[in-house]
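One chain, chain A, appears in both complexes that follow, with chain B as partner in the first and chain C in the second.
== the complex of A and B ==
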């Protein structure tokens, strides 16, 4: 009877030895190759530091001006541009300018990396069904695995800091870019591909002149999701030493500083809304040709 | 497959003025079986296994069976059939959007089925252009950019392709719409873009897959005129797919009728209307306006000269009847295009030919 009530386990002895073996070999691996890996990521570290310096050390009016210009070019909406400027001014006035800029630079780099890695994977997935079948479960794992769990190996390999944080954020935030790129390309009508074929387009000509442009609105939706997810990771990433708005939130949690937590949280919400509205209106503008004007 | 160039090609019947670069298309013993393992069933099909048996017993679908068509260079070959007859499958074999199970396909001296992927791409770019039933315009490109597409694929210089596109946009009557997107245009206008896109390619072969079927009757007849007009100038080899007999008779220099993946009859429109090969085709042509299809050359009594107006041998009966009734005469002299006397037709001949044969008219009254 007891075997039915109590689940038959592999035994405490074996279990702990299994853990020891895996942990041990991973530790050896990270001791052996950790430094090499770290060096491999050096360009990324440089990129992170560069963009952070650019945003924190430039005069704030210039930074706001440039961000407002980008918001205007992407959305062509006065409302969104003014909203962006006001939000940034408020954030600065409440003393969170430096932290916010650190977070924005982090998000920027993470999004660039996610795109650089995710777009080719998404394109490859759309071309080969087998690859799609292999990658989809991996993406599921990346999105459902509690983020704290994969912080552990990253920290073991690369130590605490920006690069480890960035990798954790990218792992968490990259699935939408991959999925939406794949989906967007697959949704392109077979008729149009046939037409391109009939005119003798090569595989690359089809990809860059037909499939990617038509998938772009869908891909933009994926990028929007990726930005939102990386913002959501900011607080968690701050636990492994990523600077920015996450740090004060963490401090506020530990010390029960309600107002401090609230302000920094609202700043995250503020830049999330800016990113979201700007990228969404840009996505919508890309679809302008789909508007049916003729009845 | 025989690799040597086909020497019988040059002798295929050609219309009055064939441009030197026109290309004839020759399809020989073409078979297409759809399914997981077509090659396995090919021999059985070639020996006469029925479409039914192939589908029910072996789970394969017979697309085309033993197609043999010689399409004249510089002429309009219509392939007609109802849906499911295999006509769209057939046209897609010409530029190999669909690979045949067996057979030969020649475009002039070129063996299309022997082409490597690279050669095929060049064949599609330079020798063929296609117009689609559902237009298949690129929604993210403007009319101008859509029209330039084929040239862009060929890496033609920007300025040159802009000029070519502008010329064809104007020719199909869309000047002023260059910067519109396809979704902003009506169906008829969209297909004009489709036509301009295909013509910009300046390819000797033009494939039109039910190009006008999605348009309403007035616009369709309009587009037919545009096509005939352009064809007079260009003399391309046009393969035109349709399910509409009136359209087939109006456009086709030659017509092939397809049923269940087989050619049931081919010839000129007149031949088909006057001598339908079987009941299936008879039932098709029952309602055709013969006066607009049959030309007076077919009816005339050779040699005899009568007191009456002269009419060109290529005029259709209806037009001859109109001339006769306008002049109040009972008979007309038939002349060739250079005005030489060939023979004559009487009003009685015309009326008798315009009325459908007796057996068919009794059919109609029984219904």
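== the complex of A and C ==
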């Protein structure tokens, strides 16, 4: 009866030697190729550092002005622009300006990378079923594998800091945009595609003039999710040494300073809402021009 | 689900439940025989033991769990913990009952006050040699640069210890938030004027980040300078050399300012030997029975701990595996902590 209660396991010796072999081979790999891999990421690291310096060292009125301008140009909504300015002023007044700028810079670069990599993959997936079957399991792993599991090898190869943090954020945040883009394009009505064919549209014309514009609402939802998930990873990224709002939150958790944690958490929420409202309103404006009704 | 399927489904669920219950029932006949143990449970009762998140504390918490539950019949629950939160919770709320490896330097004053008031008690000095804290450099670096012996020597050469993301600056790796070493390292950074000498304080974020940075630097034979402590398995696996502070321990200044959050003028001081005690609550001391006597005797040397941690690291062992290995392989050490009958019970349960 005991074999039914306690699961028969691989012997402890075998399990331990299996672990040691895998660890050992990873260590050898890291010793051989670690340096090269690190050099490969150097341009990205330089760009991350440059963008952070740009935001933290510029005078704050300039930064708020530029962000408000971008918000206005993207959304053309007074409410959103005023809201953005007020949120940033509140964040600065409560002493979280530098941390917030570091987070904004990091998350902005990560989101751009996620979108630049994710949108093409999503489009490709929508065209080829085999690709979709191959990539879906990878997306499942990326969304559910606990971040620290793949961060341990990443830290060993690339060291703690921005690049490892960016890898953590991008791996977690990219699946929504891929899935939603794939879904949105596939959901475009077959009748419309037939009509486009009837008018003699080429493959690329169909993609860019019919499928993408019609899939835009779903794609915008995917972009929104990617932004939200990037910001959600801020605290995990801070656990591998990334500076920004995550570190005070971590400090607050570890030392049990409730208010500090709440303030920094609210700053993260504020940034998320700004990013989200601006991008969603921009998305709606894009669709207005194309006369697509957004739900 | 149609009405036809419902009886079949409910019958099969009932059958499964009965089978499982029958399997469970087979264990029960053993219980009435252990009346002596039930008496012991009544003597000891429920105990919450803090399982702090570094290896030596984890393995000690598991050793305590095994000995307290099979030797003294306590009902032991391990709760996750960390120096500051656990000791604060014990001081304010009286939970958890036991902190096996409490590094008390950081909270010495409030802890002493709680002990004086009778809310908490110091049990055994868990690490007889105490913890050794300080700033360490890799051995290969110390061998290549024999002129670097003290912290001042190291601070003169920022190029040897590159900061991970700041060009042309040296980096001193700090420990994560929640550990009192984050405060003391920051204070030492300020006291030694490291910022003026071209260094930055690198916040590693977590224990994994700190350990990962050492592992990476060691595998690539790069420079590394930062806080670490003994006994640990990282120091067992990657040989490091502790830098001499160059100044003696300034106990008053260290405890008065360096360990506090808002220390304006930290002092240059070596880290005092970190006293590591087992701390227990007053309520547990009153209700624990003979188990309290065990906690007041149990202590081991750094040498033992280092060896055990090195074994755990080589074998990818968890705290529980390490505890079982220690209890199986070194009875001559732990048998001195308990009475012979308890030792027999523990050996039998392994």
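Note that in this section the second predicted complex is superposed on the first by the 287 of 295 C-alpha atoms of A that agree within 3 Å, B and C clash if a C-alpha of one lies under 4 Å from a C-alpha of the other, contacts with A are read in each partner's own complex, and residues count from 1 in each chain.
In the analysis below, a residue touches a chain if its C-beta (ideal position, glycine included) is under 8 Å from a C-beta of that chain, and two chains touch if they have at least 3 such contacts.
Quick caveat: nothing in here was measured; it's all calculated off a predicted structure.
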Check your understanding: Between chain B (first) and chain C (second), which does A:3 come into contact with in this model arrangement: first, second, both, or neither?
Key -> neither
Practice item. Name the contact category of A:259: first (chain B only), second (chain C only), both, or neither. Key: neither
Exercise for review: Once the structures are superposed on A, label A:214 by its partner contacts, choosing first (chain B), second (chain C), both or neither.
Suggested key: first
Practice item. Report the partner of chain A that touches more of its residues: chain B or chain C. Key: C
**Study point:** chain B versus chain C as contact partner of A:36, first or second or both or neither
**Key:** neither
Exercise for review: Report for A:202: first if it touches chain B alone, second if chain C alone, otherwise both or neither.
Suggested key: first
Review point. Which partner does A:194 reach: the first (chain B), the second (chain C), both, or neither?
Key: first
Exercise for review: Check the residue A:144 against both partner chains and state whether it touches chain B (first), chain C (second), both, or neither.
Suggested key: neither
Check your understanding: Which residues would you name on chain A as touching chain B in one complex and chain C in the other?
Key -> none
Review point. Inside the complex, what are the residues of chain A that reach chain C?
Key: 1, 4-5, 16, 19-20, 23, 27, 30-31, 34-35, 45, 49, 148, 151-152, 155-157, 159-162, 238-243, 246-247, 250-251, 253-256
Study note, to complete from the structure: Per the touch rule, the chain B residues reaching chain A in their complex are 95, 97, 120-126, 128-130, 132, 134, 136-140, 149-150, 152-154, 181, 183-186, 201, 207
Exercise for review: Would you mind writing out the residues of chain C in touch with chain A in their complex?
Suggested key: 23, 26, 82, 84-85, 88, 164-165, 176-179, 202-206, 208-209, 212-213, 215-216, 219-220, 314-317
Revision key, fill the gap. Counting only contacts in the complex, chain A reaches chain B at residues 189, 191-192, 194-202, 205, 209-210, 213-214, 289-294
